[in-house]
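Consider the two complexes below, in which chain A is the common component and chain B and chain C are the respective partners.
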Partner chain A sequence: MDSLFTAAVAGLSAGGAYAILGVCAIFTYRLVAVVNFTGAAIGAAGTFAMVALFELGMPLLLAVLFGVAAGALAGLAIGLVMTTWFAGSNASTKAAVTAALLVGIIAVGLRLTGGQHPHYFPEIIPGSAFRLAGVEVTWAAVTTLVLSVAFTLLTEQFLARTRTGLQLRALSQRPMAAELIGIRVRLLALGVWAVTGGVTAFALMIIAPLRSPDFASLSLLVVPALAAALIGAFSSFRAALIGGVMIGLLEGSVSAIGPVSQYRGAVPFLVILAVLLWSQRGARWDEAR
Partner chain B sequence: MTKTRNLLLASAAILLAATVSAKAAPTCENGPIQIGAVSTVTGVVDFSDAPRATQAVFQQLNDAGGINGCKIEFTIADDKGDPQVAAQAARDLIDNKGVVALAGGASLLDCAVNAATYDRNDVLAVQGVGVDPLCFNAPSVAPVNVGPYTLTTAVLDYATKDLGAKKLCTFFSIIGGTQEAYAAAVARWEKISGNTITLSDMTLPLQGDLTPYLVKARDAGCDAVLTNQVEPGVVQWIKTADAQKITGINWLFLAPGYTEGVSKALADSKQPIYVGTEWEPYTEATEANADWAKTMETAGLAKTAFSQGGYMAAKVLIDTISGIEGEVTRETVTAALKEGKELTYPIAGNAYSFGDAKAHSPMQATKIMQLVDGKWTVKTKDWFVLPAAE
Partner chain C sequence: MTTFSIGALQVDRSGIPVIRGVDLEAKGGEISVLLGSNGAGKTTFLESLSGIIPVRSGFINLDGVELAKLRPGARAKTGLSHVEQGRTVFPAMTTEENLKVALHPDADLKEAYDLFPELLQRRNVEAGMLSGGEQQMVVIARSIVNRPRVILIDEMSSGLAPVIVSRLMRAVRQLADDGIAVVLVEQFAALALAIGNRAYVLRRGQIVYDGDCAALARDPAHLHRLYLGDAAA
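So, the complex of A and B:
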């Protein structure tokens, strides 16, 4: 039991990462109606921009700022593609487009960043915050958790209380109507993409030193992130936040249980499956009757 | 009538040639000797350093006049990490190019896909860098590198003998059918050392957080931990160990961890990090590396560990062909390799021989490097050689 708890705590840093990425996934879905597979890849682009600048001798703080800006730019670029050519497409087409873009970005990113060769990732937030059940919980893990909570609360307040928030809600629910009443739809949508890009870039910079430091691995963090978003049914930020942390903890504990630990990577998929079955249970019952 | 006369003339000429040079001398009446390599060049990884080095050695030989006047034509076929492309590449080399042997290949899946094809066509592969388990478990392939499995045994043995490790643990990422090969490597170490492994975990994920695994290693009381992580994984492993403030464990890695990327990325770590090399450490400017280094510089190629494999495979082929008497064909080259003559090179710790066995892992020696302040340092001046495998 003890070792299970230890392993669960060990999964906390992964959980923080999934939570912030999951919240970002919901952010893009709620506001521009895109299930965004490129989320983590956009962040990875920003992160690698930061690393490249740091390697060139730029001070860390400046490199981080430029990296966040690069992430925002990358987000903007994807946003341009989506709003220019796929604004009127349905949700599944948009999701398919971002999945295709992800494959392209990973291929290009791997080549540009030297493939599997690791880079030196400076620790933006070094050290460990506290020790729990024999596991050092790092400041990086704590920061990602705090960041995801802050992002969740800020977004909720922003959407509920500001004029721009209201316009954003209009945009996501009835894009055509929003455009007709004079809301600058495209500008708002691009803004959403840029914000997501910047936030994921910053989040990945914090996470990256303790992850496999290559472009593909960082980009594929989108899988557990989407699982987390699904727990929030792509609408509830809070549920996604908790879901992300839960997936991390679950992954951690599974790795302590001998016979099933080799299926650890399947945890996000099982979670997705379980959530889908649960959310569709009503429909199934109705049909049966 | 003329046919018979020509035949007579030809045999007379051959007889004459044989008496003039009593030494063995290969001939090549059908043009240059064709040799090829199936390698992963594009795709997820780029292993082309190995076949490019092979090419450089053959080029050097051709520029110097070839073997007894016979030039070598070398073809690199890209398998793109795709089994179907790999199979096609092998068939093209065998059927269309008419290669007499394969040399210097480094691929994610060439052996797994093509070993049987090579066997059926009686063509042998002197793999530059064998990666998948079939490279070390097929009659048609004998790599010039030690390989991850033998290296696992060797590095564990080093940890027992030289680092005084008592509680050894292993963590492996299993891709394809490598589980049995790693298990056999650990079992071989248990037999050699008389120890038993404290913890053997075969569930290391390719991606994801490693904290649970490092905590597991620490809580099991391991004093040396070996993993088969490749470059980025090595960095992640050590960074996670630092984040968890784990001390007192020797971290052992295989040859993929021995790169400059790793040494740079881990320059500020105080963890004791060891790797086993496939050949004479490529970062050292030693006498043993002199000829390889010169060849790479002349050809303008990067001096990487993979290029050592390509270099050595080319040397094996050249020395094998030089010993052939008469026409160099697939049959004569295969026969010469199967003779199993021992070939010694300074960049390897023991003699290479192909031979007629059902499986080959001729290379059984490594040198251990330690990462000290961001610099790879040789820990074993002499080769660390494993006792012969049964």
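So, the complex of A and C:
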């Protein structure tokens, strides 16, 4: 039981990162109407930019800043593709496009980063913060949790209170009416892509040292991200926040249970499956009648 | 004084010509009423003016600025506003947020509430929850605080009770009296002609009448023939 608790706590920092990724996924879906499969890959690009600069001797803090900027640029690039050629496409086409882009980005990313060749991932936030019932809680876990809560609340307040937030909501509800009152829809959409890119990059930097640190594995963190977003029904930031943290805890716990520990990577898939089945229960019931 | 002039305008939809050489002039302080039967091309015409759909040829000129090649947002910034068919409120935003998001730096929310005082007590209600008439007021008010020189209004009265319709008509007259050039597309021809200055009738993408509103209002049989064309002759 003790070891299960330890393992669950070990999943906390991953959970915080999933929560941030999930909130970003909802942000992108609600504001630019794209289910974005490239979210984590964009972040991975930023993370590897950080690692490369660090390996070249740049001070860590500076490398992190450049990495976040690189993530924002990568997001912007995907945003340019989506707003230039797929602005008028329907939701499923856009999702398929980002899935295809994901495959391309992983291929290019693996090539540029030397495939499975190990890189040294610096711990951005090292050390242990405190002990909880005898279990070490790391600063990385505390930081991702605080960040994920802060990011969620900030996002909500930003959308509710600022002029840009208001414009973004208008854009998401009726893009044409928004354009007709002179809102700069393309600029705003690109802004959303850039900001989520930068934030995702930072979240991935924190948890990268805990993962098998190759480009593909980081890019596939889009799975727990979308699972968290799904828990929030792609609309509630808070539910996605809680969902992301829970997926992290669940993954941590599973890794401590001997016989199933090999399958901890499947946890997000199971969560997605469970949420989808749960959300379809009404439809099934209706069909059965 | 604002002059909004359109010349030799041609617009296609799915490759088929829908607007076939339309000339129209709307002046500040006047309501230009655009009538025509279902499918005549009224909505297509307005959408091409605001930039929702592209024009094939012709000009759209607002006080010397050529709009035909501009994006919808740029046309809005030049002073053109389009109140679309179907009460396009931002449904999950409150009345006040709907107005705020369109607020021009020189404009004040008070202008909107002066035009429609009934919106004041509904200011914190989500626009999606408002009645049809209230939603129509919100989109017209939203357009006003955007500070337009020209306002295009498409079928604002469809599905609304007669008292609401005359309420809206009075408000539109007030806008024109304040100096805005109004282009009013309307099903209720009699009501529109009663408040309008100049009338145009569109049939199968061409203007078949261009003249005084009052003259057309006095002669419903003539209007009927204009709507139906040769079939009624």
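We adopt the following convention: the second predicted complex is superposed on the first by the 267 of 289 C-alpha atoms of A that agree within 3 Å, B and C clash if a C-alpha of one lies under 4 Å from a C-alpha of the other, contacts with A are read in each partner's own complex, and residues count from 1 in each chain.
As a working rule, a residue touches a chain if its C-beta (ideal position, glycine included) is under 8 Å from a C-beta of that chain, and two chains touch if they have at least 3 such contacts.
Keep in mind it's a predicted model, so treat the numbers as computed, not measured.
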item: Larger contact residue set on chain A - chain B or chain C; value: B
item: Partner chain(s) touched by A:E179 [first = chain B, second = chain C, both, neither]; value: second
item: Chain B versus chain C as contact partner of A:T138, first or second or both or neither; value: first
item: Chain B versus chain C as contact partner of A:L110, first or second or both or neither; value: first
item: Which of chain B and chain C A:R281 touches, first, second, both or neither; value: neither
item: Chain B - residues contacting chain A, complex; value: 44-46, 174, 201-203, 205-213, 215-216, 219, 230-236, 239-240, 243-245, 259, 261-262, 264-265, 267
item: Contact set on chain A toward chain C in their complex; value: 163, 166-167, 169-170, 173-174, 176-185
item: Touching residues (chain side chain C, partner chain A) in the complex; value: 50, 52, 71-73, 76-77, 81-82, 84, 88, 90-93, 97, 100-102, 142-143, 146
item: Contact footprint of chain B on chain A as seen in their complex; value: 3, 6-7, 10-11, 13-14, 17, 110, 114-121, 128, 134-136, 138, 140, 209-214, 216-217, 220, 248, 251-252, 255-256, 261-262, 264-265
